[in-house]
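Each structure below is given as structure tokens.
Common to both upcoming complexes is chain A, partnered first by chain B, then by chain C.
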Partner chain A sequence: MNTTSLKNFLVSFSGIAVLLFLYFPLVVIVLFSFNADTVNSFPIQHFSLKWYSVLFRDDELLQSIGTSISIALISTAVALLIGIPAAYAMHKYDFKGKKLIDKIVLMPITLPGIVTGVAMLSFFPFVGVKISLTAVTFGHITFLCAIVVTQMLARFKRLDPYLEQAAYDLGATPSATFFKVILPNIKTAIIGCVLLCLVLSMDEIPVTFFLIAGNNTLPLEIYAMMRRGITPEVNAISTLIFIFSTTAILLSMRLNKEK
Partner chain B sequence: MKAWLRKYSLLLPLVVWLLVFLVLPYCFIFIQSFFETDSFGKTIPGVSIDSYQRAFSNSLYIGTIFRTLIYAVLVAFLCILLSLPLAYWIAFKVKRNKTLLYTLISLPLWVSYIIRAYAWKIILGKEGLLNTFLQWAHITDKPVEYFLYSTFSTIVCLVYILTPFVAIPIYTAFEQIPKSLIEAAKDLGAGSFTTFRKIIFPLALPGIISGGTFALVLTMGDFLSPLLLGGPNTLFISNIVQNLFGTSNDRPLGSAVGILILLLIFLILGIAARSEKKLSSLKSDSR
Partner chain C sequence: MSILIIKNADKFYGKNHVVKSLNLEVDDSEFLTILGPSGCGKTTTLRMIAGFETPDKGSIILKGEDITYLPPYKRHVNTVFQNYALFPNMNVSENIAFGLQQQKKDKATVDKKVTEMLAMVRMSNFAKRKPAELSGGQQQRVAIARAVANNPAILLLDEPLGALDLKLRKQMQFELKSLQQQLNYTFIYVTHDQEEALTMSDRIAVMNEGVIDQLGTPEEIYNSPSTEFVAGFIGDINKLSGKVTAQNELVCNGQNIIANTKNIPNGKEAKIFLRPENIFITQSNNGIPGKILQTVFAGTHTKLEIQLSDGNIVHINEPVNSERRYTHGDSIHLEVKQHTAIIFE
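Entry: the complex of A and B
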């Protein structure tokens, strides 16, 4: 091997090694979810679906999945209702403070979750939102607004400006234009955005951690299971979450790319 | 409906929501950081800089802020070190399926944080994958305890979780470098290392800085990795804030430390933005 091809090999090798590093832990979880043993040791002796059946008999875990799904559905719906009109206005009109809104809406993502979490924990009771699953839902709506506004704003920017013009020229009212012309055109982007929001809400920890009382959400239930000690059941539920999130995200990326 | 009325009615719900559930809470912890606590741990409204004085005079607070900053710099450095070959490989060596590989780097970003942290528990545990493998291969004869529940495992987990955040801006920066520039360097006889050092690295520096800043800032605000994988002595500043709002129940002090973290983060972001701007203007001058 001459030096150039050796160098090429080394560069590709280290690149691939880093990529494997990113996926190795996920592969480990999936493999060990089929491990019959209680200890996650090398090498795996027997494979079984035992931990998946344990999972479906764990009432607390099943309940937390239910809680997470309800919170995700409600907060996604509200974030879309608030976020899409606002994104449309930000796309269509110029006004003072547009940049400021843009900055503020992103704060739950750009600022550390711990600060957002304790800020909401301290303030929510003052506006009548008790620390509870309701508070968690309000917290989720707030950070999902960031996702909806940025995603939809990006989609509106790619929209053909003549489409709206043509609708107006043909005598459509602004609301008819929005519902009959714009909305059908951004349908796929909205579905992509919904999937993204659902995944993010189902996985959220930093804000949920501070606002929760009573029943756990799924990630916090897993957190509680982890604190009790390593149980292979966590491998099984993690594998299922991993499959769910990956499918939803890949689908969402795909939908967002459509024209 | 008049145009201005329509405009504001579209915006109003979002603006009101953000004001009540985001802006006011942030303002409130700023105000709360000037409150006092009585001897029973009850928060009393007032205007006092007592919390800030306590934060600065106790090494537990100010010392942990600096220690966390050092950890964050280390994490950012390691993330950049891993991202460079990964981004370089995809940008310059891979010819087909680039989009697929790009998707593969960004995908882990969206996979649940708790799962990715949990994986390291399986890998690094006392009876975990790495230890049992090392014993199986007769490299060690008893488990290495330091792997899990230590600062080591916390740093490993943070580097693992944050590497995609760093790799993406670096990859984007690599892709933006005109291929003609790299070919010109090669034509003039520069080897691939010289080309990297003199052309690629300087031109990609803004992307490297912005990626590193992501890792730095996100580590400063992370409380889960140390909580899940840290040992008794692993203490990040966010864990202190979490404690002050939880078991210790000293909200004014917790708010003050939170505000200090925010100020430090703004400072880092400011410095990063300035140096990125400076570098980009240098770049356009040289063109």
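Entry: the complex of A and C
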């Protein structure tokens, strides 16, 4: 083996090793979700979809999925309504404190979830929001706003600034310009943003953990199930979440990349 | 009749005074070019007419109406942008229809106008294409059609040919000029390309450092530039030095030159600006003596670089079919066509 091919081999070997390290646990979970036996052990004797059907008869789990989906939908919608105009304003206007906002807008994501969670836990009752699913939704809106603003700001910056001027020039009012020219050109970025927000909200644990009362969200329900040990049912639900999240994230990446 | 009047317009960007009490009257149906180097304030002037900038002082009057503070979407002018700025989410027809739809025209009127515009710019076969599927020249045509569709009082063009290659640019110069004559619209065209300005314009406003140095026909600008800047910016020119000896007489490298000396008093040093086409190599010995430094073949002519005895360098164009060939080091004599030199103090 000469040095170049040795180098190539080492590079691809280490690349594959890292990927294996990251994804092998996922592969194991997916495989075990089709294991008919209760005990997870290789080699798998019998394959079956049994745990998926158990899953769909588990009322608590189904309810937690419902809770998670509604929280995700509401918080995503609100985050978009706040985040898109905010990003547009930050892109278009120079105002006092813009640089500060630019720097702190990512705080809710960069700060450890525990800090945000604890902070909200003490802040929300102070402003009259009880610890509840409403509080969880507010919590999710906070960090999703940060995502929407940063993602959309990046898209606005790539948008040709003359498009807006051309629309004005042709007689379009600012609102007509926004809805007929700006919005159609950032459509794909918005769809990508929605997918990303849904996934992040559905997956969220730390903030939710501090603010929740009443029904569990899906990740917390799974966490609760784990206290009874890793049941094959957990493998099945994890597999489904994995598939859903991966599809959404890949789609979101693709749409955000589009011009 | 003036369709547009700019009165004492001033514009600052921070401390930068980009347009300095500018006055300009644009005639109806004329092709006016604002020409100047980058940073001279020409684009800012255009943007003030379009409404994208507001002057800090002064006013802009369109057809007798003060539009100084009117937003761009309420002005009856349209712009062809340098990068075309076609809407990527709409096809060619939709782009052209956009302005008409904003005016709430009914569908039949819009469709008729779009068809007419497509034919005018010879893009009928591309009606359903998206801008990304068009070449630069085609996008250019669509941008023009889109701006003209609204029947603007004035069409503003911001270096619209800048992104095209030389051949296409030359072709589009003729197309734009004939379009302007055919539509009988007022065009205000901004460019830094002096050749473009000379070929297309009825009048040229030469701008420098926020001020219009000279406003006149291409011939006036070329033949009698009013400032040194205009003389140097438009066309090729040679800068020599001499001394005024009498009214309309100068001496340059020992030779007399007859030219308009304006009010420069006798005995004063003067700058002599000469176009290359007004200097010839003479076979007699009564001329300005010089030495050939370099010869460059340029197709229809040969460019000669000549050093005069006082050290000044002169560039002239020698027809390729002339009897004599000159090479580096040849001693020659130059003759100046009388009444063609432009004199500055």
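Here is the rule we go by: the second predicted complex is superposed on the first by the 251 of 259 C-alpha atoms of A that agree within 3 Å, B and C clash if a C-alpha of one lies under 4 Å from a C-alpha of the other, contacts with A are read in each partner's own complex, and residues count from 1 in each chain.
Everything below uses one rule, namely that a contact is a pair of C-beta atoms (placed from the backbone, for glycine too) under 8 Å apart; a residue touches a chain by one contact, two chains touch by 3 or more.
Since this is a predicted model, take the numbers as computed values, not measurements.
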Chain B and chain C placed together on chain A: clash or fit? fit
Margin query: With both complexes superposed on chain A, which partner does A:Tyr162 reach: first (chain B), second (chain C), both or neither?
Written below: second
Note to self: Touch test for A:Leu240: chain B only (first), chain C only (second), both, or neither?
What the structure shows: neither
For the superposed three-chain arrangement, angle chain B-chain A-chain C (C-alpha centres, nearest 10 degrees) equals 100
Practice prompt. Could you tell me if A:Ile190 is touching chain B, chain C, both of them or neither one (first, second, both, neither)?
Written response: neither
Winner on chain A touched-residue count between chain B and chain C: chain B
So, does A:Phe126 touch the first partner chain B, the second partner chain C, both, or neither? first
After superposing the two complexes, the shortest C-alpha distance between chain B and chain C, in Å, is 11
Dual-contact residues of chain A, meaning touching chain B and chain C, are 174
Note: in the complex, chain A contacts chain B through residues 4, 7-8, 11-12, 14-19, 21-23, 25-26, 28-29, 32, 39-43, 81-83, 85-86, 88-90, 92-93, 95, 101, 104-105, 107-108, 111-116, 118-124, 126-127, 138-139, 141-142, 145, 149, 174, 196, 199-200, 202-203, 205-206, 209-210, 219, 222-223, 226, 230, 234-235, 238, 241-242, 245-246, 249-250, 253
Listed in rising order, chain B residues that touch chain A in their complex are 1, 3, 6-7, 10-11, 13-15, 17-18, 20-26, 28-29, 32, 82-83, 85-86, 88-90, 93, 101, 103-105, 107-108, 110-116, 118-123, 125, 127-129, 132-133, 136, 160, 163-164, 167, 192-193, 217-218, 220-224, 228, 238, 241-242, 245, 251, 254-255, 258, 261-262, 265
The chain A residues in contact with chain C across the complex are 160, 162-163, 165-174, 176, 180-181, 184-185, 187, 259
Chain C contacts chain A in the complex at 50-52, 71-74, 77-79, 81-83, 85-89, 98-99, 102-103, 146-147, 150
